[in-house]
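Per-chain numbering from 1; labels A, B, C and D assigned in written order.
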Amino acid sequence: MLLLLAITALAIAWLRDLFAAVMLAGIYGLLSASFFVSVDAVDVAFTEAAVGAGIFPLLMLAALALVGRYEQTAYRHPLISLLLVSITGATLVLGTLDMPAFGSPDAPPHSHVAVRYIEESPKEIGIPNMVTSVLADYRSFDTLGEVAVIFTAAMGVLGLLFTGRAASPGSATERANMYDHRVLRVVSKMLIPLILLFALYVQFHGEYGPGGGFQAGVIFAAGIILYAMLFGFGNAQRVVRPALLQILAACGVLIYGSVGVVCLLSGGNFLDYSQLLPDPLAGRHLGILVIELGVGITVASSMILIFYAFASATVNPEEVA
Amino acid sequence: MLMELYNYWVVILLMMTGFYIVIVQGNLIKKLIGLNLFQTSVFIFYISLGKVSGGSAPIFAEGVSSYSNPLPHVLILTAIVVGIATTALALALVIRIRNAYGTVEEEELQQRDLEC
Amino acid sequence: MLTAVVVALLVVMVMALSRALLGPTIYDRILAVNVFGTKTVLLIAVVGFLFGRPDFLDIALVYALINFISVIGVLRYFEYSNERHQGGNP
Amino acid sequence: MIALLLEGVSILCLGTGVFLLVSGGIGLLRFPEVFSRMHAAGVTETLAASLILLGLMILAGWGIVMFKLLLILLFILITSPTASHALAKAAVHGGLGADPGRNETS
């Protein structure tokens, strides 16, 4: 599995056609997610499935459509770089000689805080998925930071690219749709509600199985993006308005933060959910549910906004400059 | 010995490939792909650290006594989504550069800067 | 038996990967990615059974969806760029 | 008795699925041009995936797992032919004619 990953990576370095490199990057995402499953990281595999194999190639392609497909210049100083890279690599390999063997149960990472997470969290938080309890409760302040970063990045992309004008029905992207996609459209009409429903399932099932706000947000966004690709971004923007999305993206962060403030007001620490309800365990449940909802809303609307921004730059390239 | 550290070595190979792409290639998009490879290799490294042999996925279940370490999973899960958001930002910057300079090759960009 | 299935899947994944590397035309590469995606769905489903934790199936489900979306996305990109190069005449 | 029979059926399904899978893979690798490769991969893929999932379903028995497998099966049955169709159509429009005597285009 890992060997395949290595081959793919080398091939990406080798190829000059950027489009092929992007396709291989998609395969690379699929492979690394399979690897994550085989070493028990189900939640991570879930995220990598949606992001590495789905969103990342789409974003890259959207950029390629604007920038052009082939590299032009020759490699600069390939030999010196190769030497530098080999030296760094050799140093790192020397470093691994002191590392604990792969999978050994008494390695340092497993002996500090992780033991407590594994042994106590099913009792303390009352939910079976330890990843969710660490993400949304023990390390919730950290997660708030991550959500803020995603929000900021989406706003940055909007500031750089978004022209605010929806594609008018006569523009290039819309015309491409006349190209008779009946089969695709009918099938997608069946699939899109299922995708959105599945995203909601992932959102609210995250406490019991793999899933949670991050994954659900990305899947939801993928559903909307599929609609936009087949029915035109102009139509999609009439259904899901960019202005609404901007408000929603901010609201997600706001929900997350205000849960923390409510906890403060009711006498606990910031994001200490046990204060939310008289029964601490039920309070923790409620807190996790609400902040996961906040995360989901922010991630979904940020991703859709980013795609709208790229699409609007594709439709009216001259307005961006 | 070989099998025990094999994972880490592949991670280093991936990381160095990404690094090489970032150094050698002049095309900004290709550089971003290389950066992404580098990033993924770090993800794989963390997840490899979290594996416990004989352990199962860290979702509490009846009859399972040993779990893999959930902490790296949490860190990487958020890192993946943040990574794609920042990649999007970088791509947006590349597109703006393309609109301003008409190229995304680093050498040509430097020439344009010198001409000004 | 399940181990045999996993091995066969890995072999086919290698084949698809080499097709993606060789693939003279773009469509070969897209096809290889598509095949690769389906194989990954199957692989994850089977591995879930092999580890005795069939709740992994959610991931396989996501894959089946995302794979479709990315193939469609790639094809749309192609139509768009073809159209632009040929002066908007499909 | 019934359990044994079910196991036999499941192994049969998995075995046929694996055979189809590998033959599709070989076809993908060995056939001379895009459309025949598409044919090899697209046709075997659907049946092989259905058979393997069916085998797993029989292994799993009644319950949520079987339902999820059924859902995956349905998705693959819908999306895989659609993706193949879209791909073939794009290839035809993209200038690769579908005539059978055509040689490799690079």
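Following the convention adopted for this analysis, a contact is a pair of C-beta atoms (placed from the backbone, for glycine too) under 8 Å apart; a residue touches a chain by one contact, two chains touch by 3 or more.
Predicted model, so just to flag it, every value in this text is computed and none were measured.
**Student:** Listed by label, which chains are in contact with chain A and with chain D?
**Tutor:** Common contact partners of chain A and chain D, which must touch each of the two, are C.
**Student:** For the interfaces A-C and B-C, which has the higher count of C-beta pairs in contact?
**Tutor:** A-C
**Student:** Counting only Cα atoms for the centres, state how far chain B is from chain C in Å.
**Tutor:** 21
**Student:** Round to the nearest whole Å and give the separation of the Cα centres of chain C and chain D.
**Tutor:** Each chain reduced to its C-alpha mean, chain C and chain D end up 11 Å apart.
**Student:** Between chain B and chain D, tell me the centre distance in angstrom, where each centre is the average of that chain's C-alpha atoms.
**Tutor:** Those two chain centres are 32 Å apart.
**Student:** By the touch rule stated above, which residues of chain A touch at least two different other chains?
**Tutor:** 40, 42, 62, 64, 179, 184, 191, 209-210
**Student:** By the touch rule stated above, which residues of chain B touch at least two different other chains?
**Tutor:** In chain B, 56-57, 59, 61 touch at least two other chains.
**Student:** Which positions in chain D are in touch with at least two other chains?
**Tutor:** 75, 79, 82, 86, 93, in rising order.
**Student:** What are the touching chain pairs in this one?
**Tutor:** Touching chain pairs, listed by label, come out as A-B, A-C, A-D, B-C, C-D.
**Student:** In their complex, what parts of chain A are in touch with chain D?
**Tutor:** Of all residues in chain A, those touching chain D are 179, 181, 183-184, 187, 190-191, 194.
**Student:** In the complex of these two chains, what residues of chain D are touching chain C?
**Tutor:** 11, 14-15, 17-18, 21-22, 24-26, 28-29, 34, 37-38, 41-42, 45, 49, 52-53, 56, 59-60, 65, 68-69, 71-72, 75-76, 79-80, 82-84, 86-87, 90-91, 93-94, 96, 104-106
**Student:** If you look only at chain B, which of its residues touch chain A in the complex?
**Tutor:** Those residues of chain B that touch chain A are 3-10, 12-21, 23-27, 29-30, 32-34, 36-37, 40, 43-44, 47-61, 66-74, 76-89, 91-96, 98-100, 104-108.
**Student:** Taking the touch rule as given, give the residues of chain D at its contact with chain A in the complex, in rising order.
**Tutor:** Where chain D meets chain A, its residues are 75, 78-79, 82, 85-86, 93.
**Student:** Note which residues of chain A are touching chain B in the complex, please.
**Tutor:** 2-3, 5-6, 9-10, 12-13, 18, 21-22, 25, 28-29, 32, 35-36, 39-44, 47-48, 51-52, 55-56, 59-60, 62-64, 66-68, 71-73, 75-78, 81-82, 84-86, 88-89, 92-93, 96-97, 99, 101-105, 107, 109-110, 113-114, 117-118, 122, 128-131, 134-135, 139, 142-143, 146, 149-150, 153-154, 156-157, 160-161, 208-210, 212, 214, 217-218, 299, 302-303, 306, 309-310, 313, 317, 320-321
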